[in-house]
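Look for chain A in each of the two complexes below; its partner is chain B in the first and chain C in the second.
Let's turn to the complex of A and B:
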């Protein structure tokens, strides 16, 4: 019965995340759609809700941020005035913006790299099917259900120089660890919290990739005399490239925005702006300093940046092999 | 495995244990700290690795003396709305995209995909302005079409509509629900069904709507339930948007309430045990969901083969 209902099993290449890749750059073969029914009215009725929703709350805001970036908007509805590229000139000439951008880039390199590395090692270990691996797998996914803002409240206490786990170190070497004052320490705490929160999703994707590697390949390699370590390097890692690529794409965009909850509860951009990433700067410029035009302009710049990054990554994806 | 190799098994077991400890440590520390009273905590001067006796008292304080219980209900309603909108809208649209013949299919699919690329947090400034007055597009339309000027000229009244959804459940939930990842998941699932399914339904006299309700919906139960729970958790854990869209404590979800509680504390030594109890309190529903329904969620999202 199962076979009757699902004759085409999900082959690896047809999984949603790969289709995401396939659709953004439509050069891979597309799956044949059924396209059976006709009827304009019912078609419109089915697609209208989602189009209204994304039109209203996605496309209009995106359009507005670009639109506003050319206007000087007064807070509290004081009218607006067309200023051309002046907002851009102001933002791009602001050293604050560039240091926030630099910190964002640094964060985007370090946090996803570590989160994916840790998840990969964990997935390789759990995939060996040892005793207790089911429980470990279940627990490792828990942080997915914990909001960044609520774990931030916990982490800020754990890393507190006087109350947290490092208080004994601080008692011996005063001032060695103090994220309240030291910018680097604060940055490290955000990175650790981000890794904690980022493990589950990467872990699920990588583990599912490992599980699709056919047994026959492993057996053949073992027959040829490849030991388990050798098989990780020569079989499992190369066959995991698509999943690794996917995690990098998702993490890359994800870390830009996900860090907000952590920053807001742990450091609020401080000390001395050391953890003031672009996403937090936009929030504080827009909602605390009421610089709507400036915030909109930075939103527009970040939007362009993310779009270019995602498209570049999918260009890079050409080198990823999907065939098994 | 194929051959017994002790070295790698031992390393794998070690890695697994370390990983599990890393994941559990913050939760355990939060629980241990939540089990002490404020006085005990101040006296001990920080973290202590033993279970105290004040956990129930702290939870009672959270329940009866803070706004968190009310905000927990807000979280619940908002997350349900997010999950419902995401699943139902995407299900309807994907049904049309896969089973209908239309030249618009590719365009609409591309429009929905693009929402996945830019997270809501990026465009939060302008989304706020839209939600603060959802009649804004209507006002634009009226002034572009000249109706606004016409009306001003004839009636001496310029139509300006104003409808704010800030501080409402739907206003908080709708923008979170714009990311259309479900469309991919359902599309993949629909395409994996037998091609002749709609044809067979038509032969038996069922139209497209009957086909959708009586055949497609029961078949799609697994991915629907999985995505519903996944988006529920996603709605629950979102922070930046609810923070700006809900300004009054009555409308805020629990995560925002907890963060406000943490940031508002200006004592020399904040009441950390109470905060830890709060952090556990706002997280237990989604964590239980992911701990007990994990197989359904992971399988239904088709992220895992086994």
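Let's turn to the complex of A and C:
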């Protein structure tokens, strides 16, 4: 059973949850003593529920979406016609698909970049033990407990052109800020909400990484005359690459799918389609427009896209140094 | 117990589902708020009125979720006997092969008693009713008579030229929002085209064939939306996004005039009291006034149930069709009576002049204007998605990312792609 689940040691290490474990635990303990459980039934019992859930809500739907993408499916069933690659031709020839894809890519670069950047600055500050950092360490984590949809509801109010924080700017320059009608403004509000949503987790991971860097290194560097900036660039960041890589992987892939709750509560893809990311377009095409074939095809394309992104990221992992 | 047995037991347990008795049927509806309360009241009244059948009425939280759940339920054979669905999904349901025409299970009902505007939207090309009109509404014009009075206007204008003239006076008097205008196609395309007798699509808006094509981008609709953009620039018209109260900016007193549903009267009267005035929705000078379309929803009977269920469904549909039930529904929701007999009964009663019925007569008048092929209704496939496309493109135009003409051309082009895909999806299926 062990051999079946983890055929080679390196593949065990590369799983995101194990990278997480590797980041949080000392190296030796992360490769858990593999004879901990006696008897093969124990493994099965512990793994079965989650495998069953993942199977039902992930693998089977993904498989079905690939299957349906070759059919023209009637919403209520009854007549489904095999059309080969016609759905793919339609989707790939649809400018709306490409603009949703462009928006998704833009969102994928901006939101994780800033969410990790801001978290890194906060983590570095707290790690230096600046005044108030003890309180900040707690407070910054709290937003993790807020669901994406709730964040959406709150941010709609915060960025309301008449009631929110930019009300005063609108009073001076009327109509300058209006995410209800201006696509760029709406996109900015989604990005900010996503960043705010991502900071707590990234902060915890990066801070824990920083705190495992041995004191002796920074002290030695300080004695050699390296200032705080020099120490960050030459010591802390290079030693933080495992944690940076983890946050990068999770944020990058997460933004593709997690933005759904924010979009649904804040903009419903509008105004004028400006926040219609691929994940939301799939939902609205499939469930609001009864285009099951088109939605299935886009899901298949999205699955391939995410897989390729993850594979690319793991090529990047070759540059990550886990040894200290 | 071995883990394998635990898993097996939980699967068996999860597979248990409640089996309804033959006479106990479900009715799914989409509305929320006051209309939901009225539907629940009607269900209770039905269950108390007789002991043979029992209907459980289940709210689905909106028209679109109701449709989504109906699709999912039908595909897994867990669907209810009756479902209330909205106007825009009419053709999708007609061709779904998931519904039984109400006229087939209740051939003895006098379906001609339904008002023309309600019939034409839900009947087949041969005049058979596919679903039973339930909560009907239509577009009328609202004015805040106090605001109009400040510039000496006492009559509600019934032409766009008149509306603009009053709007200019209001603006000169310092009013920040003379007219609140929605760009959603129900207001700016469907009801507008119908009452001007202009086509949205060829084939009489799709009534005579699935090969219809959108044509609204040439002609009066394009002119009207270009006008709206210009009037917005001038400060006469405001979109909900431009106002503090958004869609409620008329009720908050922020805006002075508005085109909206008869069903909105209750909320508006509660907010503004006697200063609310209502009239027929404006038309452009030189155009003959046609009927507006019936909005709201109708009740559909779904396939795959037995005779006992259908007889329960028939009893429920008979019940909600009764004059007294319709009048009660109108009183609490501001929706319109949908049969001639209910309308006559209401007219003959002492209550006809009551404030709750203020829009009933006007709404029916609007529905009963002379009609033509372009004012029967909308019979276009994937129309729900088209509505979203229309809003998306016109919003871009209102944000000056493209011209109004470009927006309408793009919407028509994308809409035509939907129509062609719909045609292909239902290849070989005849339009009923």
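Here is the rule we use: the second predicted complex is superposed on the first by the 268 of 324 C-alpha atoms of A that agree within 3 Å, B and C clash if a C-alpha of one lies under 4 Å from a C-alpha of the other, contacts with A are read in each partner's own complex, and residues count from 1 in each chain.
Here is the rule we go by: contacts are C-beta pairs under 8 Å (C-beta built on N, C-alpha and C of every residue); 3 or more make two chains touch, one makes a residue touch a chain.
Not measured: the values here are computed from a predicted model.
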| item | value |
| --- | --- |
| Chain B versus chain C as contact partner of A:288, first or second or both or neither | second |
| Chain B versus chain C as contact partner of A:162, first or second or both or neither | both |
| Chain A residues touched - chain C or chain B, whichever exceeds | B |
| Partner chain(s) touched by A:273 [first = chain B, second = chain C, both, neither] | second |
| First, second, both or neither for A:229, with chain B first and chain C second | first |
| Chain B versus chain C as contact partner of A:182, first or second or both or neither | second |
| Chain B and chain C contact sites that coincide on chain A, given as residue numbers | 49, 162-163, 287 |
| Residues of chain A that touch chain C when the two form their complex | 41, 44-45, 48-49, 52, 72-79, 81, 90, 96, 162-163, 175, 178, 180-183, 270-273, 284-285, 287-291 |
| Interface residues, chain B side, partner chain A - complex | 1-3, 5, 8-9, 11-13, 15-17, 19-20, 22-27, 29-30, 33, 45-47, 85, 88-90, 92-93, 95-102, 104-105, 108-113, 115-119, 121-131, 134, 136-137, 174-175, 177-178, 180-181, 183-185, 187-188, 190-195, 197-199, 202, 208-209, 219, 233, 236-240, 243-244, 255-256, 258-259, 262-263, 269, 272, 275-276, 278-279, 282-283, 286-287, 289-291, 294, 298, 301-306 |
| Residue ranges of chain C in contact with chain A within the complex | 2-3, 6-7, 64, 67-68, 71, 74-75, 92, 96-98, 239-242, 244, 246, 382, 384-385, 388, 391-393, 395-396, 398-399, 401, 414, 418, 421, 424-427, 429 |
| Sites on chain A touched by chain B in the complex | 5-10, 14-17, 19-20, 23-24, 31-40, 42-43, 46-47, 49-51, 53-54, 56-62, 64-65, 68, 118, 121-122, 124-126, 128-130, 132-133, 135-136, 138-158, 160, 162-165, 167, 196, 199, 204-205, 207-208, 211-212, 218-219, 222, 227-229, 253-254, 256-258, 260-261, 264-265, 268, 279, 282-283, 286-287, 292, 295-296, 299, 302-303, 306-307, 310 |
